[in-house]
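Read through the structures below before going on.
Shared between the two complexes below is chain A, which pairs with chain B and chain C, respectively.
And now, the complex of A and B:
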């Protein structure tokens, strides 16, 4: 009876995994296929789509743009998230619940609405569209995520640890670097990785707010009009899948370290 | 000896409309073990946090070693604190925890290491420097918290219920160690606790607090033997209260009249009220004696009926009903000759006796 239940669960799990990963597996498969057309049967093995990537300047520019936007958005939103999380969890603040609610609202506004309203705001204000306008849009999306990650981390550790540091002669600055930061570090890393990933693959806002410099998703979308470019895009996709898997594994390792730390801080 | 180290002057602390500390006004003497004792919510922890600098009093001043530190932040005060949950830094090992407050010290690396080793010796955890915080037991954490504060050589060490989280046996052992440590290092300790037995065991002086008020400050023996108010008499130990009317006072002996006890004699230098006014007579259970057969000649005595009793190993508690009194009177007897099994018949007639210098007159009554 027991083994049958496990079997049916295993079958369910396998089906579910196939559903999740089959489309993703198509990407690397056809990136090695020696044909411009994405269809079976496979023709032959080739690495030319990967070598084409190295020659495509438009794609390389887009990749650099995406990295620029992603890294700066990750750093800025995490810093803002630390400030916000600290003030929400550490100070007696009136209406802090309402404030947090307002900051979280961009999470539930459809991105297309957000994109249109930002575009209107920038054009009314006479702001030229650039990587900076994309970054501003991405910040609106990413700060709530940073806050959520960091607030839960800050709430998880005992306020008296910071008081103990003050009591032992450190000021607020050193207390942050010697006590608060090391303890919330897993949260900080998680926030950096999460916000970078959000920014890196965000399409709608980047589409509305990009000027002449496109980010990677916008560039990929523009390339889909040319069938012969498709296999290169697949190759790029395969690389991104591998890299993001590595990033996620890394984040998970850090998070596990963090869980242990959290256990320690409880008496 | 009686050099003042902490001077608390007219300190009031309000949290919104709640008054946590109401006009605290007292001094702590250098080198003494001073306890703040009271039920939870009485303001003792708030007062300790005001001393540490985590709270600023609404009005009033705090002087430490002759300096007004009322507005100084915690990192600019010559005091250190042992937190209720110890607040051991989870990301540092034991040695780094102890050395945390020494960043700005002029000590060389070798001297600092020696100092840390001395501290580990002092708290009886030699060789524990490399241990991680989560490898320590409750008692060990408490010791590390002590060492971390003491290495700073504070003028005053503040302790916020540091033994509350430990089990009974360990707590009793740590009480003895804490007292020995305090005498060894000679630093003034201000100790917050809700446990009256702990306060009596450890302290040179105790401030009893209730609802923000400091009710009484005295030595443990004085608080127990001669409490000045009904709250203190009731909070520390067990006490039997009787409402009496003062009938006469002469030659250091007050004569009262009570509905339950009849006529009572009390030795006192001065009565707490005028003749024909009411007062409360307070008698500890162990100051009462039980007579079973014949009433011997005693200054004070009253007849009663034996109620339930409880055997506690070293002593027994008896509850005696008196005519005209709903609550039984509590009497504690040492079990000097066996378990006193032969006297435990309920409903048996007994006689309570007590001497006239073993009872306390209190002005307030309920």
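And now, the complex of A and C:
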């Protein structure tokens, strides 16, 4: 009886995973199909959609833009995340819960509202839309994630290690670099990878806040209007999905692996 | 003498606490400043602009309630907001309903490698949202994956039209997009439940179903509520999904707001619609929380 129930849950879980991964799998599958139409049966294997990508200048510019934005957002939000996580986990502060909640707000308000508010602010302030305005928008989304990842990392290790270093005469600066930073390094790497991916894949804010320089998702959006571009969008999508998956898998393994290890060593 | 000592100690302690607090705030201040400038300030601008009006490309800075008046006078905005709320509520219901058994499975049936399951569930969430929505368009389309495979299997003679460009497609796509957001909080609340409570209920003769309804479900309710909110709030304003798979019957308030910043070019009206949407969502969230309070009372 019991084993039968376990089975039905497991069957459900597998079906659910298929549902989750079906759309992710469709892109690579049809990107190798030798037909302009996305439909079964598959016609034949081709790499021509990928070679088409290599010739597109718009795409290459967009890729460079996305990398610029993603890398700067990842670095800035991780630094801010380290500051915030350290202050929340290491100092007793009144109302820190409220402030942390405030920093988390961008995670729950619809992105479109964040996007148009920033657009209006830049417009009224006379700020020209550029990669910098996109980065500012992405920063709002990425800082909460950095902070969450780093808080769980900082909570995971023993405060007394830092206190020992301070007692032995190191100043706060060197204590941070010699004790805290090496221990939270997995969290820092995970935060960099996660925030880079969020920024790299983000569309709504980039759509409102981009001027003449498009990021990759904005470029893809502009290509969706043309049916004949569909297969090359699929190929591009396939590359992005595969790379994002690898980066995220890596980040999650580092992060969760690190947290798990800590729990064990504590026990 | 003793009391003098005590006040001195208190003073030092207070000073220390104060300085610790100050040091903490100093460290937090860059992050706070960024959020103040990048979130709170723009929201204030949004609110202010909703009382302005626009003539062609110029914003006229005179106070007016016209934008809010438009919302109540022209039925279309009101109807579309109502539809967005309904679609989002339905998405929330479907997503949480589908997510619960999976979270239950990971929490109670997976013995080893729970982390692997959690990672498996979260990976699609991190990959490009735009591409996932686009992929659903490809799957559900008239000449899409589902129709062409059913056709080539001979199960249907002509493509099914009800798959794409309607609220149904929006619900499926959003339920997929927000799956991980629903699963994680439910899983966490299930994982926290003290297993001995469930054993006690079974030992005292309750059936598995009754135990679930009277013990497991109420104890996992915080996670369920968190999941509901985390899915409902952002989906009301979504515009990518309705734009790509919704068709005319699937248009949501996000599309209208977006058009005010594009073709329609009426920023103040767009701002007013955003404010109204946020207030409506807040009201809906309060209703939801109130309803769960009632439910809790009934169960206990």
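We take it that the second predicted complex is superposed on the first by the 251 of 267 C-alpha atoms of A that agree within 3 Å, B and C clash if a C-alpha of one lies under 4 Å from a C-alpha of the other, contacts with A are read in each partner's own complex, and residues count from 1 in each chain.
The rule is simple: contacts are C-beta pairs under 8 Å (C-beta built on N, C-alpha and C of every residue); 3 or more make two chains touch, one makes a residue touch a chain.
As the structure is a computational prediction, the values presented were derived from the model and not from experiment.
Q: Scan A:10 for contacts with chain B and chain C and give back first, second, both or neither.
A: second
Q: For A:163 in the superposed arrangement: first (chain B), second (chain C), both or neither?
A: So A:163 only meets chain B here.
Q: Going by the contact rule set out at the top, does A:128 touch chain B (first), chain C (second), both, or neither?
A: neither
Q: Check the contacts made with chain A and report whether chain B or chain C touches more of its residues.
A: Of chain B and chain C, C contacts more residues of chain A.
Q: Touch test for A:39: chain B only (first), chain C only (second), both, or neither?
A: In the superposition, A:39 contacts chain C only.
Q: After lining up the shared chain so the two structures overlap, which partner does A:48 touch, if you call chain B first and chain C second: first, second, both or neither?
A: So A:48 meets neither chain B nor chain C here.
Q: Could you look at A:178 and tell me whether it touches chain B, chain C, both or neither (first, second, both, neither)?
A: Only chain B; A:178 stays clear of chain C.
Q: Common interface residues of chain A with chain B and chain C?
A: In the superposed arrangement, which is not itself an observed complex, chain A uses residues 260 for both chain B and chain C.
Q: Report the residues of chain A in contact with chain B in the complex, numbered from low to high.
A: For this pair, the touching residues of chain A are 157-158, 160-161, 163-171, 174, 178-179, 182-183, 260-261, 263-265, 267.
Q: Help me check something: in the complex, which residues belonging to chain B touch chain A?
A: Going through chain B, the ones touching chain A are 52-54, 73-75, 79-81, 83-87, 89-91, 100-101, 103-104, 132-134, 138, 141, 148-149, 152, 165.
Q: Across the complex, what residues on chain C touch chain A?
A: So the residues of chain C in touch with chain A come to 17, 20-21, 23-28, 30-32, 34-35, 38-39, 41-43, 45-46, 49, 59, 98, 101-102, 104-106, 109, 115, 117-124, 126-132, 134-136, 138-139, 141, 143-145, 147-149, 152, 176, 179, 229-230, 233-234, 236-240, 244, 254, 257-258, 261, 267, 270-271, 274, 277-278.
Q: Would you tell me which residues of chain A are touching chain C in their complex?
A: For this pair, the touching residues of chain A are 6, 9-10, 12-13, 16-17, 19-24, 26-27, 30, 37-41, 80-81, 83-84, 86-88, 90-94, 96, 99, 102-103, 105-106, 108-114, 116-121, 124, 136-137, 139-140, 143, 147, 194, 197-198, 201-204, 208, 217, 220-221, 224, 233-234, 237, 240-241, 244-245, 248-249, 252-253, 256-257, 260.
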